[in-house]
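The structures considered in this document are given below.
Both complexes shown next keep subunit A, but they swap its partner, so subunit B is in the first and subunit C is in the second.
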Partner chain A sequence: MTDTAPALRPAGAAGPEGAGAGAEPAGGLWADGWDRLRRRPLFWAASALIGVLLVMAVAPSLFTSVDPQAADLALSGADSSPDAIFGRDLQGHDIYARAIHGAAPTLTVGLLASLGTVVLGSMAGLVAGYVGGWGDSLISRFAEVFAGLPFILGGIVILTTFNKPGQIVGEVRIVTQVVLTIVVLSWPLAMRIMRAAALEATQQDYVRAARALGAGPWRIVARHILPNTLAPVLVFATIQFGVFIGAEATLSFLGIGLRDPVVSWGVMISESQERVADIPQALFFPAAFLVVAVLAFVMLGDAVRDAFDPRGR
Partner chain B sequence: MAPTDGPAPLSACSPDRSVSPLLEVDDLRVEFGQGRDTASVLNGVSYHVDEGETLAVLGESGSGKSVTAQTVMGILDTPPGRITGGAVRFRGEELLSADPERRRLLRGESMAMIFQDALSALNPVYSVGFQIAEQFRFRRGMSRRDAMVRAAEMLDLVRIPNAKQRVREYPHQFSGGMRQRAMIAMSLALDPELLIADEPTTALDVTVQAQIMELLDELRRERGMGLILITHDLGVVAEVADRIAVMYAGRIVEHTDAASLYAHPAHPYTRGLMDSVPRVDDRGRGGAGIPLRPIPGLPPSLSAIPDGCPFHPRCAHAQDVCTDEVPVLRELGDAHQAACHFAERFVAQGPDRPTTHEVVSR
Partner chain C sequence: MGRYTLRRLLQLVPVFLGTTFIVYYLVWGLSDDPFAGKCGQRECSASYVAQMTERYNLDDPVIVQYLKYLGALLTGDFGQTFSGTEVSTLIATAYPVTIKLALVAVAIEAVIGIAAGVLTGLRGRGFVDNLVLVSTLVLIALPVFVTGLVLRQVLGVELGWIRTSVPGDPTIGQLLVPGFVLGSLSMAYVARLTRTSLVENRRADFVRTAIAKGLPRRRVVGVHMLRNSLIPVVTFLGYDIGALMGGAIVTEGVFNIRGIGGLVYRGIEQQDIATVVGIVGLLVIVFLLANLLVDLLYAVLDPRIRYD
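After this line comes the complex of A and B, so read on.
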């Protein structure tokens, strides 16, 4: 609907009756948001960075042909050279190659964790906000149990329960575990945002009007409440993407998250800790990648929020 | 309605009626809240509407006009609301005890409602046409394209110029009057037999108010539907209402046809409402105008409605009997009912200012 609307509107349709639309291109909530979004340099800068990171994750061979697992102990801690421009770590790995290959697991965890948090949290929040009463109380109290757990403590408890420290586990299994841990500990945030938005939308006259015209509860939730509550949750998800990348690095650093043979930036930072003074490049480069990635997603989230948050208008 | 319908004291609202009216509200009682904070919002409201007829429900904010309408539609939020008694009958079919799915199917199809603030009553994320078309698609099984064509026809019906183009626009691109027209188009899409308009013109400026009222009146006549017009504005109802029910503190205090209400207001509250309308012919001395004459005081708190007549603390004519005895809504003859101990006296007096009707309806 939204995207076809401007094309079908004749020039000057705003006319005398066109209440305040003025020169602004005016479509639905989403079209308006997109219009504002694409005029922001911040959005394009963040998008460009994220684009590069995504290419890095999907096709690391475009950036490097070196095997990230290839280790040459003779070159342990070597400074940068034409061979390995960022130098080599304690095991003699090429830091540049590992940093490039580290993008995929890091972004996978960030993406899946954001997706899981938003889907689980939104559904719970939507039900809580729409049903209200004891259903709302039940879901809210249940969410508070998880929100009350400190993230690091919760992460340590969950991940050490599943894996002995130092145990070698498969790539898929550990990625799944880390993602689920983050989702379980973070969904209450998304739930609260969705619940607040749903509570507000449920009180709106258009929901009442839809009921007065005989819309059933499913149609009201799907067509009237959800589209009006999605914007704040999407903004949250974009910002959380960056936060979750950091969370993955934290868990990896503690030795309970992703681990060898998976290469992520967090894993690299974790491995560098024993000889930071001697081999600073092993800490610096993955940390720099991490900071840039987190910054890019938080910047994108900021731009999206400014464009879609109704209070900013 | 069958005459054996029990001891309902107020069923006199529909005397000697052999066919059931389009809508009949009978001794409806609604409360909000719990325990000591219980607010009695409706204390036995009865009215009826026939096909092709306009009933105006008049009253201040908090008198229970909208709650009655929401209860009739079945969209009252429960909790906090609680229906404690009474009946709502649509073509003789009792609704309050009916299956929720049956009620849902009646909404839109047989009865529809429009709201005060049309901007907030239209969903901001969909185009106006899409929202109208939704009903054709899901209640009539039309294709998306056919439904949009019908939606444009509906906009045309409510006299929105350029309907074919405007059907693609969003609610915020419409002006206030256009939004209310779109809202009317939406509620009439499935051709309901009863339309409840809850303060449809309150958010609009005066010239647009008149246009919307005219439109509603025309549509009612064309389609022969019953119209319940909820308002606090005497000027709005003067021209279009067939009958007027005046509500105060969750009760009907006066009920009669529009002409006799203006000619012989029987309840001091009704008289107060008429007096409080500012008038262009109130010159006073030296053309400086005279002060407005509001009804003194505030409507009673619904959790502590005064004993006796609920209006007595604000009534200039209150006597001892008014604080002791609740006046029942009683027949004054000629289908005129009022709930005042001294109604006959007021009817005989006529209005305080004889020209009110002409001025108001101008």
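After this line comes the complex of A and C, so read on.
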């Protein structure tokens, strides 16, 4: 993302949301990007998928009226039937109902984790890139400590420290822990991207001009640097949303992430693996939902990057 | 170059200390009773507690414990598990398997990824290009454990082509499918990176010069374009070897491979703290050194990069 700058205009006008919707006159970075984005079928396909997933998360009762926790052991492993179209798992849960209800926790973790990563990483990156020198070295070294910890390894160490294996914990607590674990291990990535962008923006003439005109550091960062460094971080956040959904599922699969009272796709896959030979549907359906969800966000991220990254043109 | 290497090595020191201290503090400092469940249903005998307290310096404050541990580690002593096995012995049996698996994975992703990337990068937009683009998207979206479980189920249980559980000392052939699973995500990145890099270089001046000189296409592509375009790919593969050595926990779990990932996982389940800290420390060193090595290699491969 090193040569974004030439394409940018020091418009410094509206914030990203307003401008993203085309509030700026033609020619601005955000309006340009939105224009290109609108013409990509990939973008609309991904948006439609994400829309459906969001509805599923907010109002699962639109899709199913079956209680995801209702289990009938007599029907354990039953094949698909009119009242449970995906069949039933080992405990006799309706797989379809569970897969629908699994959307909410999965997406919540993905959303909170990418928000947390971007906010924490961007603030650290902005400070490092803008202040430079000694503060930059300090923040960079600090980030490397966390980046040096391989993701799954770090996740296992952190999550098993706070919950002993097999311990029963509440829904809110475990979701918070999983989100924080992902954020703690991933913020260095966002920080590096933001730092590189901020370092470059700080050297630009319009920043020097603003400083010469007497703008304070807050104003320079908020009005001039931030709008011109947000694009790479937002692309990262979109792709990372998908990646974090996968990460949540991986941690749940290992038995250290979300667990029983919470229904997520990762939890369902984790529960299915012992008996996958007898009840393959308990693995394949949640896995399909998971893959489609991750795919939707990665596709969206791809489309957004193509639209906002001048190098790809 | 020499000064750059030295500076990078010095920068590794605080990172290594920070990472290992965090892990040490998490597993030793925050556990309220390290002996919980260690002696079955009974409480541990006083002599056992005394012996373990001495072995792991549990009477000292955490920071002193950590420094003592670090001192032993620097002399090559990884410590002992609660049952008295040397952690270094455990690592010595498990690590070769993980290294083999990581190398198989990187080889597979390099061959398939570069082939797909070259194919699409040279042809430009078209059916093959879209096909590869869509397959890389799907590979990126597939979490490793899903790929692993599905392949194990289909190839292992239903078709019977592979064993669902890899034996203790596996051959390369037995690691092919786990290696494919482990490398599948990076394979997609390698394909995309190769393609982007080729497309960027296709319009470079040196390629135009080569064509203008009348060189045969085979030589233009093979010598001028590929060698330049593969530099970022080679560095990516280098980082990946470092990452895969510590990231094989899931794959090793699915295929029951007795490597370093399984060792960490069992160590955490059994609360065998010394094993966990030892292996995590080792993996962090490997990861950091691999990254440094790749950065240095980058300058060797591409003389335009200067570090001093």
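One rule holds for everything that comes next: the second predicted complex is superposed on the first by the 286 of 313 C-alpha atoms of A that agree within 3 Å, B and C clash if a C-alpha of one lies under 4 Å from a C-alpha of the other, contacts with A are read in each partner's own complex, and residues count from 1 in each chain.
Going forward, a contact is a pair of C-beta atoms (placed from the backbone, for glycine too) under 8 Å apart; a residue touches a chain by one contact, two chains touch by 3 or more.
For clarity, every value in this text was computed on a predicted model and none was experimentally measured.
Visitor: Once the structures are superposed on A, label A:176 by its partner contacts, choosing first (subunit B), second (subunit C), both or neither.
Guide: neither
Visitor: With both complexes overlaid on chain A, does A:273 touch subunit B (first), subunit C (second), both or neither?
Guide: second
Visitor: For A:47, using the defined touch cut-off, is the partner it touches subunit B, subunit C, both, or neither? Pick first, second, both or neither.
Guide: neither
Visitor: Regarding the shared-chain residue A:227, is it in contact with subunit B (first), subunit C (second), both, or neither?
Guide: Only subunit B; A:227 stays clear of subunit C.
Visitor: In the superposed arrangement, does A:163 touch subunit B (first), subunit C (second), both or neither?
Guide: So A:163 meets neither subunit B nor subunit C here.
Visitor: Just subunit B (first), just subunit C (second), both, or neither: which does A:69 touch?
Guide: neither
Visitor: Where does A:250 make contact in the superposed view: on subunit B (first), on subunit C (second), on both, or on neither?
Guide: In the superposition, A:250 touches subunit C alone.
Visitor: Touch check for A:294: first (subunit B), second (subunit C), both, or neither?
Guide: In the superposed model, A:294 contacts subunit C only, not subunit B.
Visitor: Write out the stretch or stretches of subunit A touching subunit C in their complex.
Guide: 141-142, 144-146, 148-153, 156-158, 160-162, 164-165, 242, 246, 249-250, 253-254, 269, 273, 276-277, 280, 283-284, 287, 290-292, 294-295, 298-299, 302
Visitor: Taking the touch rule as given, give the residues of subunit C at its contact with subunit A in the complex, in rising order.
Guide: Listed in rising order, the residues are 11, 14-16, 18-19, 22-23, 26-27, 30-31, 137-138, 140-146, 149-150, 153, 157, 243, 246-247, 249-250, 253, 264-265, 268-269, 271, 276, 280, 283-284, 287-288.
Visitor: Please output the residues of subunit A touching subunit B within their complex, sorted ascending.
Guide: Answer in residue numbers: 1, 4-5, 8-10, 13-15, 17-21, 26-30, 133, 204-206, 208-216, 219, 223-224, 227-228.
Visitor: Okay, in this complex, where on subunit B does subunit A touch?
Guide: Residues in contact with subunit A: 73, 75, 79, 104-109, 112-115, 117, 120-127, 130, 134-135, 138-139, 161-162, 165-166, 168-170, 172-176, 178, 183, 186-187, 189-190.
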